[in-house]
Amino acid sequence: MATKDAPVNNPMVDPVTGEYRVIAPGHSFKSVTEEVSRIVLTSHTPLGWWFGFMVAGTVVGILTICVTWLFLKGVGIWAVTIPVAWGFAIVEFVWWIGIGHAGTLISAILLLFKQGWRNSINRFAEAMTIFAVICAAMFPVLHLGRPWLGYWLFPYPNTMNYWPQFRSPLMWDVFAVSTYGTISVVFWYIGMIPDLGTLRDRSQTKVGQFFYGLLAVGWRGSVRHWVRYETSSLLLAGLATPLVLSVHSVISLDFSVALMPGWHTTIFPPYFVAGAIYSGFAMVLTLAIPIRKFYHLEDLITIRHIDNCNKVMLATGLIVAYGYSTEVFMAWYSASHWEYFMMWNRMFGPMGWSYWTLITCNIALPQLLWSRKLRKNVGFTFLMALIINTGMYFERFVIVVTSLTRDYLPSSWGTYRATKWDYGTFFGTLGLFTFLFFLFIRFLPMIPMSELRMMLPQARVREKAEPIPEAGD
Amino acid sequence: MRLVSAAALLASLGFAAGCRQDMQDQPRMFPQRGSTVFADGRSVRPQVLHTVARGQLYENDYFYTGLMNGKEADMMPFPVTMQVLARGQERFNVYCTPCHSRVGNGAGMIVERGFKPAGNFHDAKRLAEPLSHYFYVMTNGYGAMPDYKAQVTPEDRWAIAAYIRALQLSQNAKVSDVPAGAQVENLSDVATRLGEPASYAGPWPMPSTAVYGPPTVGIAAGAPAENPPKPAGKNAVSGAAAPARPSGARP
Amino acid sequence: MANESFSKGLPAVQGAPACIDVWRRRALRAGLVFSILAVILALVAEKLDQPALGWEHLLRGWLTGFVGCFGLCFGGMALLMVQHLSGGKWGLIVRRPLEAMTRTWPVVVLMWFPVALLGASYGKLYIWAKYYDDWASALKKGLITMDQAHAIHWKQPMLNVTDFYVVSLVCFAIFALYVTLLNRWSVKRDADPEPNVAYWRTKFENLSGFGVVLYAALLFILVIYWVMSLDPTWYSTIYGFQYLVGQPFMVLPLAILTLIGLSKTEPIKSTYRVIEQHDMGKLCFALVMLNIYFAFGAFLIIWSGNSPEEIPWYLDRIRGGWGVIATLDVIFHWLIPFSLLLSRDLKRINMRLSVVCSVMIFAGFWDLFWLIEPNFKDAARNLHFSWGILEYIAAPGALFCFWLVYYFAQLKRRPLIATNDPHLAEILEHDYAHA
Amino acid sequence: MPQIFDRSSNALARMSLILTGLIVIALGLTLDELQRSPWVTRQGQRADQPVPFSHKHHVEGLGLQCQYCHTTVEKSNYAGIPPTKTCMNCHAQIWTDAQLLEPVRQSWATGESITWTRVHDLPDYVFFNHEIHVNKGIGCSSCHGRVDEMPIMYMQNTLQMEWCLNCHRNPAKNLRPTSEIYNMAWQGASELTPVWCAAEDVPKGSPTAGGVTCTETAPGGEVQMAALSPPVPGLHAQSVGVQIGSEDTGVMQLPAGLHYTKFTSQEALGKFLIQHYDIRNPRELTSCEVCHR
Amino acid sequence: MPLPEGLYGLMAEFESPTQLVRAAKAAHGAGYRRMDCYTPYPVEEAAEAIGFHRDEVSLVTLIGGLLGLAAMFGLEAWISVWAFPLNIAGRPYYSWPAFVVPAYEWTILWSGLSAAFGMLALCGLPKLYHPVFNAPNFRNGATTDKFFLCLESTDPKFEAGETRSFLEGQAPISVVEVEY
């Protein structure tokens, strides 16, 4: 039988498997190190960076104004009221937390599954997680009404003799999100220590040496340290995996523990987690594609990465679709009139447009990802990532708003219309996220150099070593 | 990171502790809080002149005025029970004793401090007054005495009036007041019979809150020392002399 | 034979060793013993039990065994497709055992017929079938509750005997098609003189990608018909996911057990490495975690909601002595495998891992018992000994053993190693210290 | 290449890590103390008042009872700050030219209220009711301290929620007979100051504290402790015309034989009173809506 | 404690990990024990070669996780049952299903922090000053593309001249002396 594989001339494609390589051929330890560290250590900051930084900074300004006004006037400036007491704030909280999940997933789960392709993108995916968690955590705190008393949520011996109420999923949230934030930062930082060592050693300026040196805590690459470091990374990955599942599950419990039609359903935890990963991968692609282009990192973030991310998006998107279908089916099968009406209202009620937007963006259009060709098309992927991000936003909107507008009691029915402060805060967090990201890519290594080195073929120790060459050879 | 969060915590705590929080002082009416709504700054409003509030139409009725056909009368508007008397005693001790003293001889502490001498309930003039006279005086004042309308409710005023009568009786008790068949004993005899100490027949201790006037006044706590009461029968009006039992005395 | 490049490390014999025949005979004997036991128990229960439900219990036990074997067969198919999608060396190792499991589908369909005939057509298991027409009079007579009557009536478009047959048979047909294609292509791939890695991978991915999605959807509908509708008032959106994870929870341990059993002799001896065993152990651990995650998540939501529509389902399965079964379910399903699989060493030692795998398979059947038996009025919130309840040991035992007989026969029919796979070279190349 | 950091930096790094830990701990402890300190609670602070009114003088010195001024303490949420009229009851004649009292006279003349600074200022989201506390055995001094010994009023306790709950979770330790509510010096039952209490059934609808009789002196066998007759319906009945003195033995019932129990510990007394004052159990008493409505 | 002075050790630089591992094995075989390898990425074989097999990070993590679990579950039970019992929708005070969630989170939090900081502590980090940084070629390559083997002077078998010739026999790029 003749070969069925079309011959390929692309050096990025592995001739045996026909798949794109994770890392371009011909790289050495030094070249990958330089490729990554030059972005940070250069004294020349690109103009484009400054431009983006300024734009993001301006949006952060808008956020500051919105939040200040909120502190002064209270949550009444948002559109949250009865019946929709959880408006944009919770929509965005869930959305941002969901986005964060891809970072942990990439670094943790793929590390456990020995997926080499994670290495190029895990660092900035983790950074994305941290910044997304920062944006997300803001919302419930701002939503408290008196945000400055947010520390009341923690159990500490206060003058009220008051302790948290642990049967509330909102309390579970506090622990889930704070743990998630902490572990993400720790995981990110621990992973960065060897690279900080590299930066310390490669930095030409005193200031750079000092600060990177400080952050690297004296990392010197001892193999003893490396062994512990590897164990610790694996353990952190092993811990972050159930953590990431639990965090969005806990957030889904905020809804599903309540007896609201459309909320109280047992599939919520896995379906929220899948949705989170779905949107998270979309955000990873939204960030990776421009950065790859801007900093010419096509050698390190290859079509393989994009293809794999697309596959994950397709898979998680299908799980989400499964969730939607289950809900629709169970709305009928439950034989409960409230469930039935809830689904009817979602589809054909006054907010039906949001449901159909969600179905279009989250289910219908992403089916295009079945096509191998489109999965490898960078421009299309970028567009699809944006569409999915939008779709996932609408998913949370549908869950939060349409369910709340139609309670069990028709007399309490209402509607929801976000105010300019709602929009301002939302766009503000987008700005904050971008702002932090710009700082990150300028000052920290966004691709883990030590892990790239490990992936190179010359990194492998050969058992049957070549004989020692004669001295002076 | 830890430092930043610690600083943030400190700042927020300082914020919370340093200023009163907004929910602490809410923009609504609280009694005696004061208000910017009214010109006189009071949240407690005085009754509007020439108006009668619902439930406060005190018709010209004996219970509220103490006057029957324009005249004082020697009767109570409701039955007198032990409860009423105990209540009267308690209220008397709160509102009247500062001037009239516990035994009603008009030598209270305030009088000692320079107030005009207050009436002695045991003089002939007062003994002759009809019962509602006391109610009327409490309601409207008398001479230097201000009215106690605002401090004492009508029921309590009547109870005090009844108690004043009991006080008067206690100072002038006769064997003939004792119901027929009841045995009268000396208090000291009772004490001996019961095996109580001799002080049992003397002045009884007052609760520690009881006000002790200067010794010159010549009254001891609870019972007039120089005029020890004859021990009354079991069902006599013992409220005056016996240790007060104000608990649960509210009508 | 193609692939000379890496056939050098391949053992000469790739067929199954003789020990499979021994296993098969043992399974057959055990199956016969269990069958006889099942019949005796049914007769004894009819005589001694009050109420006499011997034959009904046999049918319930049969249902348990059938659902378990169904999971092993088609759960194996799902895992096979996942393995084609995810790649990885462990996939290569377990491929042939999984394919053997999928080829047992005719037995599984045979097992289904008694459930359909007696359970649905004669209404011995499903009250929606029993009171399909006369739910109103059954309600009047107090045979069913108001909620059950409403549910039976409302769900009639779905829960009727015709649909039960049509849906089940259509699903079986689709699955059979998939099984056939997966197996046929697998043989063809090995016969391909060229590696054609990309071609075959694409072909399998195309089939499996959609196949997994389809399986997930159809499985949910099937378990609604077969298990969930035993209590027609009950509904839970996560039910399908629970089976979707519950099936590999039994399939993967069985595959590991098979491989460990075969690893003493060629050909598995030379391809079975501790690295892949460790990976599969981790995968088992992940399944253990996922399983408790779904189960606990659903429980927490319903416990918190505490609504009269849902909580009775759990109360039926916790009160009246069932709490012991539920606790043991958690222990078998989660506590034992979780604590043992935490250890890195355990995952790398054959004997210990096989103990954990056996516990996991046992836990699967235990869980089915807990799911199925309290659906019936005589057992809900009332766990008590009767001769009939022992059918839950005898009937599933018999079915499982007969299934194993067929599985071993299928295992023998194909070479145990898929030769045309780029991973094989890596596995055989002992030069690598670490993969 | 030279070292970036000096040798001392290792020690410095470790020290600073330890120091950071210590600072965090110290900060926590400081904040813990700070939130309970008078700086936050204003406990013990004497506010500037328009008239330096002395409770010590009026209560301890002159023997005025609490209710003389705080007339609504037993029947309302608020104990009530007396109107100027109450001051003028006496000060119309006494100390009429004292400079101190000028604001009082000013108020009396003009009708303007005197603007006192509130000392016991609960947050507005707390609904505190004096009536229920006073009538169910919580004395003034339990919360306000020895007001009779305060020349200028100040807050004896923090009035923080913690302090409220400490009592609400175990009311027994502060309960006293209702006859001792205004007794500033009440110390609680003990071996040295035993309390005798008796309880009788009271009909439904009457005050729950009504059935309890307590005394601090040993009730002897013959000691006459007046027992209450059942409350007479229609206290407000129109002139019934029962003259005092004309004793109706039908109304003036004989006291029932009261069975006294001696309490020599506050815990035991508190338990007895909790039972007979119908005080709710701590879990109900600490329900949020008890104080936050 | 007086500061150590003099020679810390001899440092050989290698081009590839294979060479490093071989040299390390040779050194271990020759009886050297106090030595360390420095590599720009984890080379487990080198650790095994110098006789470093097991690390205690897993144990620390397990202990941390169990402590976190116990701490949070204990806290929740204490609060809900004893310190602040509240009737919430009629659920029992001891609501273990609800307590599982925060306890689970804290298990992960504590074990994660133990894994991270336990690793640093076991490595003796932070150690901003270390003698190996004195080697002139160390910072050029150790964190980029070169592999180092350092035999330390505290080793009883260490003898400056002999050790140097031993190292030079392993085909290094260079052998340098490292001062304290």
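We call the chains A, B, C, D and E, going by the order they appear; numbering starts again at 1 in every chain.
What we mean here is this: a residue touches a chain if its C-beta (ideal position, glycine included) is under 8 Å from a C-beta of that chain, and two chains touch if they have at least 3 such contacts.
Note that the structure is a prediction, hence the values are computed from the model and not measured.
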Q | Subassemblies held together by touching, subunit B left out | A | one piece
Q. If every chain is reduced to the average of its C-alpha atoms, which one ends up farthest from subunit C?
A. B
Q. Measuring from the mean of all protein Cα atoms shown, which chain centre lies nearest?
A. A
**Q.** Interchain centroid distance [CA atoms averaged], subunit A/subunit E, Å
**A.** 29
Q | Between subunit B and subunit D, centroid-to-centroid distance (C-alpha), Å | A | 20
Q.
Please tell me the distance, in whole Å, between the geometric centres of subunit A and subunit D computed from their C-alpha atoms.
A. 57
Q.
From the mean C-alpha coordinate of subunit C to that of subunit E, what's the distance rounded to whole Å?
A. 44
Q: At least two other chains touched by the same residue of subunit C: list those residues.
A: 300, 304, 433
Q: Would you mind listing the residues of subunit D that make contact with two or more other chains?
A: 4-5, 10, 13, 35
**Q.** Where subunit A touches two or more other chains at once, by residue number
**A.** 161-162, 167, 169, 200, 213, 217-218, 242, 253, 460-462
(Q) Show me the residue ranges of subunit D that touch subunit E in the complex, using the header's touch definition. (A) 1, 3-10, 13-14, 17, 283, 286-288
Q | Touching residues (chain side subunit A, partner subunit D) in the complex | A | 157-162, 200, 209-210, 213, 217-218
Q. What part of subunit D is in contact with subunit B in the complex they form?
A. 20, 23-24, 27, 31, 34-35, 39-40, 62-65, 67-68, 71, 74, 77-78, 80-81, 83, 85-86, 88-90, 92-94, 111-113, 115, 123-125, 135, 177-180, 182-186, 207, 209-217, 220-222, 224-229, 231-232, 234-245, 247-249, 251-254
Q. Touching subunit D in the complex: which residues of subunit E?
A. 3, 85-87, 126-129, 133-134, 136, 138-140
Q.
Using the touch definition from the top, list the residues of subunit A that touch subunit E in their complex.
A. 28-30, 33, 155, 161-169, 171-172, 175-176, 179, 182-183, 186-187, 189-190, 194, 197-198, 200-202, 213-214, 217-232, 235-236, 239-240, 242-243, 246, 250, 253, 450-451, 453-454, 458-462, 465-466, 468-469, 471, 473
